[in-house]
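In the two complexes below, chain A is the common chain; its partner is chain B in one and chain C in the other.
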Partner chain A sequence: MLKALVIDPGKCTGCKQCEMACSYENEGVFNPSKSRIRVFDFHEDARFVPYTCTQCDEAWCQQACPVNAITTDEMGVKVVSDSLCVGCKVCTIACPFGTINYNASTGKVIKCDLCQGSPACADACPTAAITYQDIEQTGFDKMKLWAGKTGAAVEIDGPNTPV
Partner chain B sequence: MHHVILGAGPAGVTAAETIRKQDPTAEITLVGGEGEPPYSRMAIPYLLEGKIGEDGTYLRQTKDHYQTHAIKVAQGPVTAVDTAAKSVALKDGNSIAYDKLLIATGASPVRPPIDGLDQPGVHTCWTLEDARHITKLAKKGAPVVLVGAGFIGSIILESLAKAGVKLTVIEMGDRMVPRMLDETAGNMLRRWCEKEGVRVITSTTVEAIKGIGAPTTTQTEAQTQQQAQTASPDSDEQQPGLIKRLFGISSAEPSPSSYPASAAMPAPPTTNDNTPIPPGSSGLSVVLGNGEAIAAELVVVATGVRSNTGFLEGSGIKTGAGITVDDHLATSARDVYAAGDVAEGMDLSTGTHDMLAIQPVAVEHGYLAAMNMTGTPTKHRGSLNMNVLDTLGLISSSFGQWQGVPGGQSVTKTEDDSYRYMRLEFDGDKLIGAQCVGVTEHIGMLRGLIQTGLPLGPWKDRLIESPERLPEAYIATAHGTPGHGPSGLKIALPV
Partner chain C sequence: MGWTGKVLRVDLTNGTSTSEPLNMEWADKYLGQRGLASKYLSEEMDPKADALGPDNKIIFATGPLTGTCASTGGRYSVITKGPLTGAIACSNSGGYWGAELKFAGWDMVIIEGQSPKPVYLTIFDDDVQIRDASEVWGKSVWEADAWVKSTHQDPMMHVAAIGVAGENKVLYSAIVNDLHRAAGRSGVGAVLGSKNLKAVGVRGTGGVSVKDFKAFMKATNDGKKVLKDNAVTGVGLPTFGTQVLMNVINESGALPTRNGRDVQFEGAKDISAEAMAEPRKSDGKPNLLTNQACFSCTIACGRISKIDEKHYTVQNKPQYWQASGGLEYEAAWALGAATGVSDLEALTYTNFICNEQGIDPISFGATVGAAMELYELGLIDKEKTGGLELVFGSTEALTTAVELTGKAEGFGKELGLGSARLTAKYGRPELAMTVKGQEFPAYDPRGVQGMGLTYATSNRGACHLRSYTVSSEIMGVPEKTDPLVTEGKAALVKAFQDATSAVDSSGLCVFTTFAWTLDDIAPQVDAAIPGDWTTEKLLEVGERIWNMERMFNNRAGFTAADDKLPERMMKDAAKTGPAKGLVSGLDKMLPEYYELRGWTPEGVPTNDTIDRLAM
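Let's look at the complex of A and B:
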């Protein structure tokens, strides 16, 4: 069964524990600038938005890679092979979401690979703003998102949702 | 149905795979021009640095990839296309009949008007074969002259510098990478390169490359040249390759002996550069427009590329600077399509047909052409011009109309000391172009905003105030006011 990260910005308090967990899990250091998930701070609106790769079906990064270093695993996750990546960075300009980035310390690119099936960010999130769910359930959340866009529907169940 | 694809670069390989997905029973022949497995030119700089081996440049890494997908890989190059008989002629005299033809023959380095290009030690940097020659000569401490600091030149610059050579770069334009970066960014790159020990000479032409000493023996330059054409297996290999590459795969090219520049060379000139020429080296002297002569053991020429269309002469296929295509990537001939560096595809920013010779565009073209060839009419909306360049650790990028448009607004933020620069260009409340130096985080969002053309609303003024707020501007604009649900919307491939 395919699973995906479901991000609910309304529940995010901006604690950035996801960034610390991601960086530690993947790079062995507590360095948010090396995190593959980032929390953006919309201070005018007092909101925080965790943001990372959505593992596109027809991934732009994958198609732009000149040496086939980005492959799709059996879970549908786009994975960068460190041994094949030459660090050309074309994927970093090709991904229109900006979620694959260059890591100068290794000379390779990094992106979210869902931590081989147990994402550290979701484990670390204290408010369930980031959860790891079956893909069917994310479908429901997508519907809610679209429903929210069609009218003035406002969700009020998050700790960080303005009145 | 037999699909024949000329050219085994990213456009050709992507097209072959897409055709296979769309039509499991089609016959597919991929004709390569170089006698190498399909590989990526983009990876050559990393091969030169020793970061990867030759197999690391291959476009597909799985063993038997082409066999598995029943894609027949044939050896070209193709010398002519007969659009009436629907067949292509191969150099070895055979021909291949096609039902649908894709021309993805790419481009080749242009030959600048410099005397003495045809001698040992002077190379373009375009093919695996070029890379092999350059690797032999780019030894630690060896004086090397790079002619051209355009995009390709600047990428090679990094590999040469990393190989530890004593490097001088000569650019005709007034700055580095003039077609990708503005004056501020281009000069920032130059300062960086100079700080890293590379000599950069701009606004200067190269007049001639002269031989000042003969390799390994005391034979004269003319003899060396003679040997290159006839006896030496090493040079013999390299010369026809060079000419072939310089002139494309059509073969009305003159033979190497038509270039008498070096053979007619006068006595060895002296050089005013103090670099000692070690015994056994190529011993070249690069004479500049300003009269200066620079000693070199290796000269790498990277002065731009031109589409390989020579072999289409007489085919009736309409060409300009490249092959003329419509918005379905069809050429003027029935059942013939074109893709990649050879095709004048649509530029998304300008709505005009132009050559955007970059890897992502080649892949887009290959995909779209294959969809159209297999009966799913798919219109090309246009590709976005974009580039990213790593120059000895300083990373720069440019997107779309980074020069701006009349009546548009613009913001720049320059931090000279920390080598950081951002420039955003707006038309109305849309982002249409961008440039960055020293900024790499989330730069793909620049593409996202430019390609979608989403109105920025209040975020335009916020970006003009602080361009570094790009990620917020992108998320707010592309994904709506943050609400509930997954944070990323999927955007389909351009159709």
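Let's look at the complex of A and C:
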């Protein structure tokens, strides 16, 4: 089964355990500046939003790479080969989401590779704001929530207001 | 590992900065953060020096677990001589700033001297610069935060700053980082103000390592599970925040009300956690929007609130319509019960201003309460207050007072002195609910007897965070004791003081100790740094730190005569609630406490104690 990271910003508290887990997994130290996942703090709206690569099927980064350093593995994950990457950064321009970035200390680009099928960020998240789920059922929880309201005598507050 | 091993020393008089190795011998004896920085302060400065003069130093210090994935591992402390108290000050803050300093490669920053003109400090890893702050002097914490990030075109910086209160040397001004996390108490903000240092902006790109990653991941994961499974840290704090205490403490008859005249507040339920979560009558929306975690924290007790846009305090001020740091229990008590005000929106507004201008809401609220009593006694009049009707329960008096205090205008200048100096000025020093010049927090020593001894002996003046015996006396953690008796409290206070000193030196948050004991913490520390860290070693380090702080204060001129509570706590019995008829039994607890500590009856550590602790 193919799986994907599912992010529910409503559950995020901004603790950055995901950034710590990601940097430890990939860099061997705690270093959020090298994390592939990043938590954004929209403090004026009281919202915290984790964001990372969604593993596009037809990935802009992959298509832009002039040395074919980005390949797709059997899980559909876009993986950067450090031995092929020349650090030209064209992929960082091509990616519409900003989720592939240059690492000045290695001269290569870094992006989320779902930790070979066991994403450390999802394991570390204390509130289940980040989960790893069946790629075809990422809407399951939201569907279930709305299904539960169908026909019930409850007022629905708005499209993104789970109770 | 754990420690970065590097100390940044900044000399503001000469405009220089240097890197030096961390004293590892001291690190093994004082751990980090509170303990280690207090050791540096004790060794490097004369405790008699003027807290607001160039000879005082101010240290921003992380612990060995700051910047790691240990739950709550993001704390830093500010250690200096406090201008409010004249004693050693140590104010602890969360948010993200402390971890960022660690990622920049520094265990601590020691700031000395006095800049001839307003400056701010930037730390980009090894690149440290003292820069001109004339453009941002006179601005708020919030403006300074935005200005530093925009000037350096780096939204990922974290900024610790003072507001106008710190610039004006309000004696209880705070240092605020990440907009609403504060090194709040004892006037550490005024020390930065006296040094003409507006802000410290940090950005770090390095990693934090630990001694044994495998053991560390196991120990920290075990710890996280304990926090999650505990009713307080797993449910109570994330859901209600520290404000869960408002109704509990009120029912215990230990909520100091109207400057300690009463021990229960009729408006408590209106300013409680439950009230914050309920839809408002005015606009149908709750005051509380969400909870927020500090760096690495899996508890997430922080409150994020939004004020009703139609409330009189903000109706023409859209800059306060955004979400920001909401009321924690201590602030809600000080701004509310201590002044008799029960308008939740007004308290939230006052709290926002405290964050915006860098004011400790505990000391501010308590000072307003003392001023209200002076006003009601006729010792201060309307002419003096500039027309302000300073009576208990006046919402308008509170919200106007905070604006004046932040800007140090009019009567705000006098409020900025704190209750001890204010009441002394008007001839009634006994009306200051203070110890060593610092205002009480939110627990009445008549209703929670252990807190009386806690306040009297706290090395930074009255404080709940030095030994939170409420945990045992009210909540039953780690075991229930009777809050109304003095028996056994000397030992309880000592045990809490020693353990807390160690926790405050580790990089962790003391709120973990609702669930964790040192047995949970020791394996996390031990996996992070060399030195065979056991529960016993942490306790010994904690006791050593406590005695070192005490000796700093003794050298500064404090004696046993300063370990006392205001007359009201010793003579005026609680009028209502479970503690009705009781006064504080401090006189029974204090001699026993000195003896348990190995101090002379004059409160001085004996040579045997100093030798036993290898000081």
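Methods note: the second predicted complex is superposed on the first by the 138 of 163 C-alpha atoms of A that agree within 3 Å, B and C clash if a C-alpha of one lies under 4 Å from a C-alpha of the other, contacts with A are read in each partner's own complex, and residues count from 1 in each chain.
FYI, contacts are C-beta pairs under 8 Å (C-beta built on N, C-alpha and C of every residue); 3 or more make two chains touch, one makes a residue touch a chain.
Quick caveat: nothing in here was measured; it's all calculated off a predicted structure.
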Record, for the superposition on chain A, whether partners chain B and chain C clash or fit. fit
State whether A:E27 touches chain B only (first), chain C only (second), both chains, or neither. second
A:D73 contacts which: chain B (first), chain C (second), both, neither? neither
Figure out whether A:D134 sits in contact with chain B (first) or chain C (second), or with both, or with neither. neither
First, second, both or neither for A:P126, with chain B first and chain C second: second
Is A:D45 touching anything from chain B or chain C once the two structures are fitted on A? First, second, both or neither. both
Once the shared chain is lined up, is A:V90 touching chain B (first), chain C (second), both, or neither of them? first
Scan A:Y102 for contacts with chain B and chain C and give back first, second, both or neither. first
Could you look at A:A4 and tell me whether it touches chain B, chain C, both or neither (first, second, both, neither)? first
Which partner does A:T13 contact after superposing on A: first (chain B), second (chain C), both, neither? second
If you've got the overlay open, could you tell me the nearest Cα approach between chain B and chain C in whole angstrom? 5
Contacts of chain A common to chain B and chain C in the A-superposed view 33, 45, 47
Residue numbers on chain B that touch chain A, as the complex places them: 10, 14, 40, 42-43, 46, 51-52, 56-62, 359-360, 363, 367, 386-388, 390, 393, 395, 397, 399, 440-448, 451-452, 471-472, 474-476, 480-488, 490-493
Taking the touch rule as given, give the residues of chain A at its contact with chain B in the complex, in rising order. 4-10, 33, 38, 40-42, 45, 47, 49-54, 56-58, 60, 63-64, 66-68, 84, 86-90, 92-102, 104, 107, 138, 141-142, 144-145, 148-149, 155, 158
Footprint of chain A on chain C - complex, ascending: 67-69, 71, 96, 99, 103, 156, 179, 204-210, 213, 224, 228, 238, 289-298, 300, 304, 306, 322-324
Applying the document's contact rule, which stretches of chain A touch chain C when the two form their complex? 13-17, 20-21, 23-24, 27-34, 43-48, 124, 126-127
